[in-house]
Amino acid sequence: MLEELKKEVLEANLELPKKGLITYTWGNVSGIDREKGLIVIKPSGVEYDNMKVEDLVVVDFNGKVVEGHYKPSSDTATHIELYKAFPNIEGVVHTHSTWATIFSQAGKDLVAYGTTHADYFCGDIPCTRKMDPAEIGGEYERETGTVIIETIKERGLNPDHMPAILVNSHGPFTWGSSPLNAVHNAVVLEELAKMAYSTEKLNNEVKQMQTELLEKHFYRKHGKDAYYGQN
Amino acid sequence: MLEELKKEVLEANLELPKKGLITYTWGNVSGIDREKGLIVIKPSGVEYDNMKVEDLVVVDFNGKVVEGHYKPSSDTATHIELYKAFPNIEGVVHTHSTWATIFSQAGKDLVAYGTTHADYFCGDIPCTRKMDPAEIGGEYERETGTVIIETIKERGLNPDHMPAILVNSHGPFTWGSSPLNAVHNAVVLEELAKMAYSTEKLNNEVKQMQTELLEKHFYRKHGKDAYYGQN
Amino acid sequence: MLEELKKEVLEANLELPKKGLITYTWGNVSGIDREKGLIVIKPSGVEYDNMKVEDLVVVDFNGKVVEGHYKPSSDTATHIELYKAFPNIEGVVHTHSTWATIFSQAGKDLVAYGTTHADYFCGDIPCTRKMDPAEIGGEYERETGTVIIETIKERGLNPDHMPAILVNSHGPFTWGSSPLNAVHNAVVLEELAKMAYSTEKLNNEVKQMQTELLEKHFYRKHGKDAYYGQN
Amino acid sequence: MLEELKKEVLEANLELPKKGLITYTWGNVSGIDREKGLIVIKPSGVEYDNMKVEDLVVVDFNGKVVEGHYKPSSDTATHIELYKAFPNIEGVVHTHSTWATIFSQAGKDLVAYGTTHADYFCGDIPCTRKMDPAEIGGEYERETGTVIIETIKERGLNPDHMPAILVNSHGPFTWGSSPLNAVHNAVVLEELAKMAYSTEKLNNEVKQMQTELLEKHFYRKHGKDAYYGQN
């Protein structure tokens, strides 16, 4: 079942090592079929080198395995929460990519310092609060989703214009219009984090870029008046 | 038309991913035929992997497409301004390469700290002022060119001896005697930015190198008494 | 003799250059056959490029060569001490990998800042005290093992839950349930050190992650209630 | 003439891009035949990609070209001075490798912080003073050699135990028992510089490693009682 989606989810998972976003199995990508209400996700702790379409796991919105001979990613419950809360997204990615994880560990937002950032994210990329002991001791992976959604809401952000978050003391999640688009956003996030770190070190008085420039670049590529790219 | 120039512009564009200067499509190279007054430039938002000679776009000095089935790079207007203002240059490059972009985001000049810098750039590489809301809201890409030219002029620089600039909150532009030479300068700029950053961190009292040494190295390679290389 | 173990030790040694952990011959891996009381280890100062199964050296617990045409690694005595003190380990790795060595040179513990760390190491990874002149002038390589074991004990650590250490002014040793598992831990250590360094620079008030989160992640992957991975 | 030496010098030059020490043509290696008093060196400004044995240049101790269809490296006069002053060396390397150049630009010695350093260099690697205008304006490349030799002497160093130097505002030179050994030292120097930089940032009170440990490691590999490696 869902053979086309599985192929895309496999391809998106294989992009993670190709783009240098992961060490060993530290990452996972999922995709969704919204009509059927089913999610295709990477199996837990399986190496990328020989992963095949049939190794992927199909789960429903309750996390129940509908198809697959492996256990799904241990982060499956987080993915499900995001699909439920953000109705337009079709792919979710989690990695421990170096620079995004550094911001997560430092508990700091990734401030928009330049047009590279503005081309993809319409504002600072938030870092969540720390999870509390009850959340950690309870349904931890589901609660990770909850704190992400809480952060996006509290900051007044549109998840379609802010397709990334930094989970405190953990690492990044990104999402997008497809599994591959969510990986694309994960690659961009990593490069932005790398640049923001040294931007702050080079100029310790640096501020967020001008709002005019931020919005110019974001809406040049996104929304109804976009003129970047073909079409 | 312009088949030879197209080949060179394609080759120069393909150098960008090969040299690690770009992520996805974040860069573009153009070349000019000054006799015909025509510019060959990368299409907007097209992947490098399968780019072909026939995908390149030919535009005139007004930005009008003369040949090509794609839209030209969204930065075309910036390239045109540079060709108009700097009469000796034959190629222009724009990237978001990591370290040069860090200096752009920090709003800092790239100071000449050693002979590696002096072999290519006769002085500090300037960072422009921030663009104002009217410039951003108006013909933004053309105004980006205007602020580059203004900066080169205000600093009293010869664009043939200073073939690079850092656009504030954005990233670098370089130019040169050919599209490939402009890419060469972009590669050097990136390495210089990487080294200058850590030079400043290692010695927070470091100053620009001695003028004698700067000029010795620059003129050893450039100008009529050059003796570096063959011939 | 020990042909299977030799193959695994060779494969584990070859992982070091593949994973970017070593420059030239700056690293070595060993494995143990606990029933026979014999250790298989890399020969001293031999290049990785053409290393073969028959180049590996078999030594006993006194460091006496039992088989092999090369001298064993100069660090053999350190490996032996670790196998004697930590009865469950089956593989030992020593490298001078960049970021772990930086922490060793700085004489600083590698603090647990995030779940990437907690997935592998149940607490901060300790840096040993400096060795004293008598230790350096005596049986230096054996004393290196002694100071590692002393540190693990004084910190009250379980070596099976803390399979790594930083030797002051020197570099890291890791161990594990097999030679390949010890290399896996060396790869993780290097990535953790890289991230911890910049985490501290980005937020100079950052503290160790919450104990609840540390233990949640460690025991999710290790111990009898583990649920990460397959089975 | 000197066909064997030329092959070795070519191989050593090709190691520079392979080991990531150079951008474009920013480096050169030479070797010497001390009996004949002739030096084989890379041609000036020639790309590495297609360099052949016959492209190498043979010069005498006055810098006169004895054989070759290219001009020799512009740094030839520096190489000659080093061969004249250090009678045991058989190869010389110059690069602008990133981290060693950062120390040169910052004008700082590369302090010995760990055993990786001590395995190759018996003490801190010195950075020269700045050259004065007369030296820069005169026989600049020869004077570069003079200031290197002056620094080695003033510090009371044995060039066979300290086969590297950082030229202020410029970059590193290394030497060794052969062209390939000099390249080996250049690779090690680069890695040491990378680690020393972050060691200082991680612990701003870090001091040179203990003399006992420094000498233990250096003489374990060098001199008559060496026991590292085979034989």
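Chains here go by letter, A, B, C and D, matching the order in which they are written, and residues are numbered from 1 within each.
Keep in mind that, in the parts below, a residue touches a chain if its C-beta (ideal position, glycine included) is under 8 Å from a C-beta of that chain, and two chains touch if they have at least 3 such contacts.
All values derive from a computational prediction rather than experimental measurement.
Under the contact definition stated at the top, no chain borders both chain A and chain C. For the touching copies chain B and chain D, the fraction of interface residue numbers used by both falls below half; the interface is of the different-residue type.
With centres computed as the average of Cα coordinates, no chain lies farther from chain D than A. For the pair chain B and chain C, the distance between mean C-alpha positions equals 46 Å.
A straight line joining the Cα centres of chain C and chain D is 33 Å long.
In chain A, the residues touching two or more other chains are 201. All chain pairs that count as touching, in label order, are A-B, A-C, B-D, C-D. Residue ranges on chain B touching chain D, taken from their complex, read 113-116, 184, 187-188, 191, 194-196, 198-199, 201-203, 206, 209-210, 212-213, 216, 220, 227-230. Note for the complex: chain B touches chain A at residues 23-24, 26, 43-46, 70-71, 74, 96, 98-99, 101-108, 130-131, 133, 136-137, 140, 169-171, 197, 200-201.
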